[in-house]
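Just passing along the structure, written as structure tokens.
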Amino acid sequence: MEPVITCEHLTHYYGSRKIYEDLNFEIAPGHIVGLLGKNGTGKTTTINILMGYLTPTSGSCRIFGEESHRISPATRERIALLLEGHVQYSYMTISQIEKFYSSFYPKWDKDAYYGLMEKLKVAPGQKISRMSNGQRSQVSLGLILAQNADLLVLDDFSLGLDPGYRRLFCEYLRDYVKARGKTVFLTSHIIQDLEKLVDEVIIMDYGSILVQESAQSLMERFPGLTLEDIFIELTGKY
Amino acid sequence: MGKMILYKEWLKTKGFIFGALGALVLLVFYCLLSIVKTAQLNGTETLWVLILQRDYVLVETLKYFPVALGALLAVVQYLPEISRKRLKLTLHLPYPQKKTVFAMYGYGLIVLLAFFAFISIVILIVFRHFVAGELVTRIFATVAVWFLAGIAAYLWGAAICLEPTWKMRAVLIGLLAALLLLLFISSTPEAYNRILVGLFIYVLCGQLLVFNSILRFKEGLQD
Amino acid sequence: MKTAAKIFLYISLALLAVWVLPWAWRIVTLKSYSTPFTLYSCVIHDFTRLERSDSKDLTFIDRKGNVYSDEVQPLFYGRVLNTKGALPDTLEGRPVTLALIDSMNVVFDASPKDFNRKVIPVCLLMESVPFRMELQDPEDAFVIRKEGIVLYDIKDNTVQEEKTKAFSDALASQGFVFPVAQYSGNPSHHKSYDEGYLLIDSAGNLFQLKQVNGEPYARRFTQADGIGARYVNITELSSMALMGWFTDGADNMYFLRPDGQVFRSDVKYNPAKESLLGVGDIFYYTIKVSDDDGEKFYALRADDFSLVDSMDRPYEFEKEFNLCKYIFPCRLYFTSSKETWVRPHFVDFSWIGLIVDLAAIAAIVFIRQRRKNKARK
């Protein structure tokens, strides 16, 4: 089966500062892949390159076979994007934002969205700007799930969330993805959240990939350690 | 789908639009009150004399409204897009990106044109009552330059807001300042008649700058 | 799209550079320059220029360098001389009094800006013979259209059909051919009398139109027929010695008397490019025509505007270092003292500046390319 995401010989510099060089990885369909790394190792850089918001110094990325800086609208329809901090159109209400997004996605699942919104217990006319971080993350999650996309790209999905909302987010996402066989590519600072969520892990260090393997085999290689411990072991303590 | 882009822009800017409309109504009311009072106290012929001999156009109160409207509309419309890089969400929509961008600034231009149409209708209705058509034409020819300034402030303002680097923003701000200086360098009515078409084309070329800023945003350029 | 935007940006920046930077340089290096007031003297029959002596007195210097007091200009300084008891009883064989001098002294001027502007085809029309002989604010206006004129009552903005027909017929009876080529009038009550408007028709013939007791008065200046008038200016001088002046396509200047007499002078004057100052008295008119290069003076007899003497005074600017010539291929400006139009003027083209700029651009491109290649390595 053709990989959903392919990155080849990816190299990027910010000015004279090297982020990474000759990065190569693939993501197969139906997998939940977590991209881990310390601050500044290039996680958000990779997401930006994948989504066409950054031109790499050299190398290329393809999503569903298309060059990442030239993704067609039809392919973008198959990709759900979550920006770090659950950034959304905060001047809209939950009903306005649903009306807006649903017009772009023919496979829009209204029930998936409003099912999650019921748990929010906010008025339909309340603006997103007046919600807490946790409530905003639920709105973002609802929008992503309703899009019924084939690929979900989540950049630092746990940013600003308390443990309760992080757990809610992870559980909802896992159930949804496993039931529908979606592919997920996500980054997060909080590694313990990923332990029960991801199938595969890519751990980046400054300039390169340290590890790309299934979470299960990684845990077997480091018995008795949590994913967080393994991460620190591999990347070294600060 | 294009209509939903307009819907999004409307949700973002409707508060500002209503506020600006209120301000415009007050300005127009004040302007018309001055004209009517002048006509009542000094005779309608005074209006003819003011236009013909003093180079007034009688709507000087509105001179800077279009440029302020254009600049503020650009800020209200595009600053939220740049704040926390929400523009990424807009560009990620499954709709051709050029059409998305065109819809966004097209909306702004439509809003501006609606305001300018309102001003034009008021001028036409009120002044046709007081002075000959040739003098109304003079007023329109003068006001057209102010409208151009409003469009320039909007398009250039959009490009400035969307531009990711401060270096290029400074260049765009310098160019906009020079363009506005040119558009207000003379207060003589109809002084711009000979270059109005050229100015109009140049101002509309500001669309290229909007696209350029977005392309630079997509390249990930930063300070 | 990106290429088009880059081209647009570079062109805009280049235009900005050739507009703002030379302007800034000129502001910084600007020096004042003035020329002395010059008048033809009926006493010494020469041009005299006005200077201040070391003791701050007014002195007059002729072309040979001889120095005189204000007695060499008795008509211009009549009042001063009269208070000193130094006003002569006769000049040029003619008895003169202060009252006569005051009534005949006139000044008129014109600037290219008066002609290089958008002309509104709407003219306020005064009553030239008012009831109490005091000029009143106009109550009528006529609008000049391609096929004729339309009279308006400006109190209620209504077309006066009868008056329109009357005025149109009056012009037609004099042979006026529409459309109007150029016109001049001064519908202000801050003057002693009103002569309405001087109009040039499409055949280059000169006419007068005014309102007398509510009726049209139209006159054709037959002595101006065939001259091909191009620019006309009404003067309405208090002395009533001159009604106006006009020029033809070859920049010859003609003077117009209220009785319809037309006098061709030897003055060469292009109203669209040169400034005019006329100072007249009982005997002579000193006409100054100035442009960017200098001033030309003409002394004309007041009775028939024939040339008595003339003088050229080119400007003597210091040849200072012009940095802009070595940096910019040209200079751009949008406003001029000679017109009200805002439009681009490209002047002072310099090959040196062009070569310097092209070399600078090539150097910048080369350096940027080297930096890019270095970064890639």
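We call the chains A, B and C, going by the order they appear; numbering starts again at 1 in every chain.
As a working rule, contacts are C-beta pairs under 8 Å (C-beta built on N, C-alpha and C of every residue); 3 or more make two chains touch, one makes a residue touch a chain.
Just so it is clear, the structure is predicted and the values come from calculations on it, not from any experiment.
Trainee: Out of A-B and B-C, which chain pair has the most contact pairs?
Mentor: B-C
Trainee: State the chain with the largest centre-to-centre distance from chain C, centres being mean CA positions.
Mentor: Chain A.
Trainee: Give, as an integer number of Å, the spacing between the C-alpha centres of chain C and chain A.
Mentor: So the centre of chain A lies 75 Å away from the centre of chain C.
Trainee: Report the inter-chain centroid distance for chain A and chain B in whole angstrom, where each centroid is the mean of the CA atoms.
Mentor: Here the centre of chain B sits 41 Å away from the centre of chain A.
Trainee: What whole-number Å value describes the gap between the mean CA coordinates of chain B and chain C?
Mentor: 37
Trainee: Can you list the chain A residues touching chain B in their complex?
Mentor: Those in contact with chain B are residues 14, 48, 51-55, 69, 73-74, 76-77, 79, 81, 83, 85, 87-92, 96, 99-100, 103-105.
Trainee: Which stretch or stretches of chain B touch chain C in the complex?
Mentor: 43-45, 48-49, 51-53, 98, 129-132, 134-135, 138, 171, 174-175, 178, 182, 185-186, 188-195, 205, 208-209, 211-212, 215
Trainee: Note which residues of chain C are touching chain B in the complex, please.
Mentor: Contact set of chain C toward chain B: 1-2, 4-6, 8-9, 12-13, 16, 19-20, 117-118, 120-124, 137-139, 141, 143, 152, 154-157, 187-188, 334-335, 340-344.
Trainee: With touch defined as at the start, can you tell me which chain B residues reach chain A in the complex?
Mentor: Counting only chain B, the residues touching chain A are 1, 3-4, 7-8, 11-12, 80, 84-86, 88-89, 91-96, 217-220, 222.
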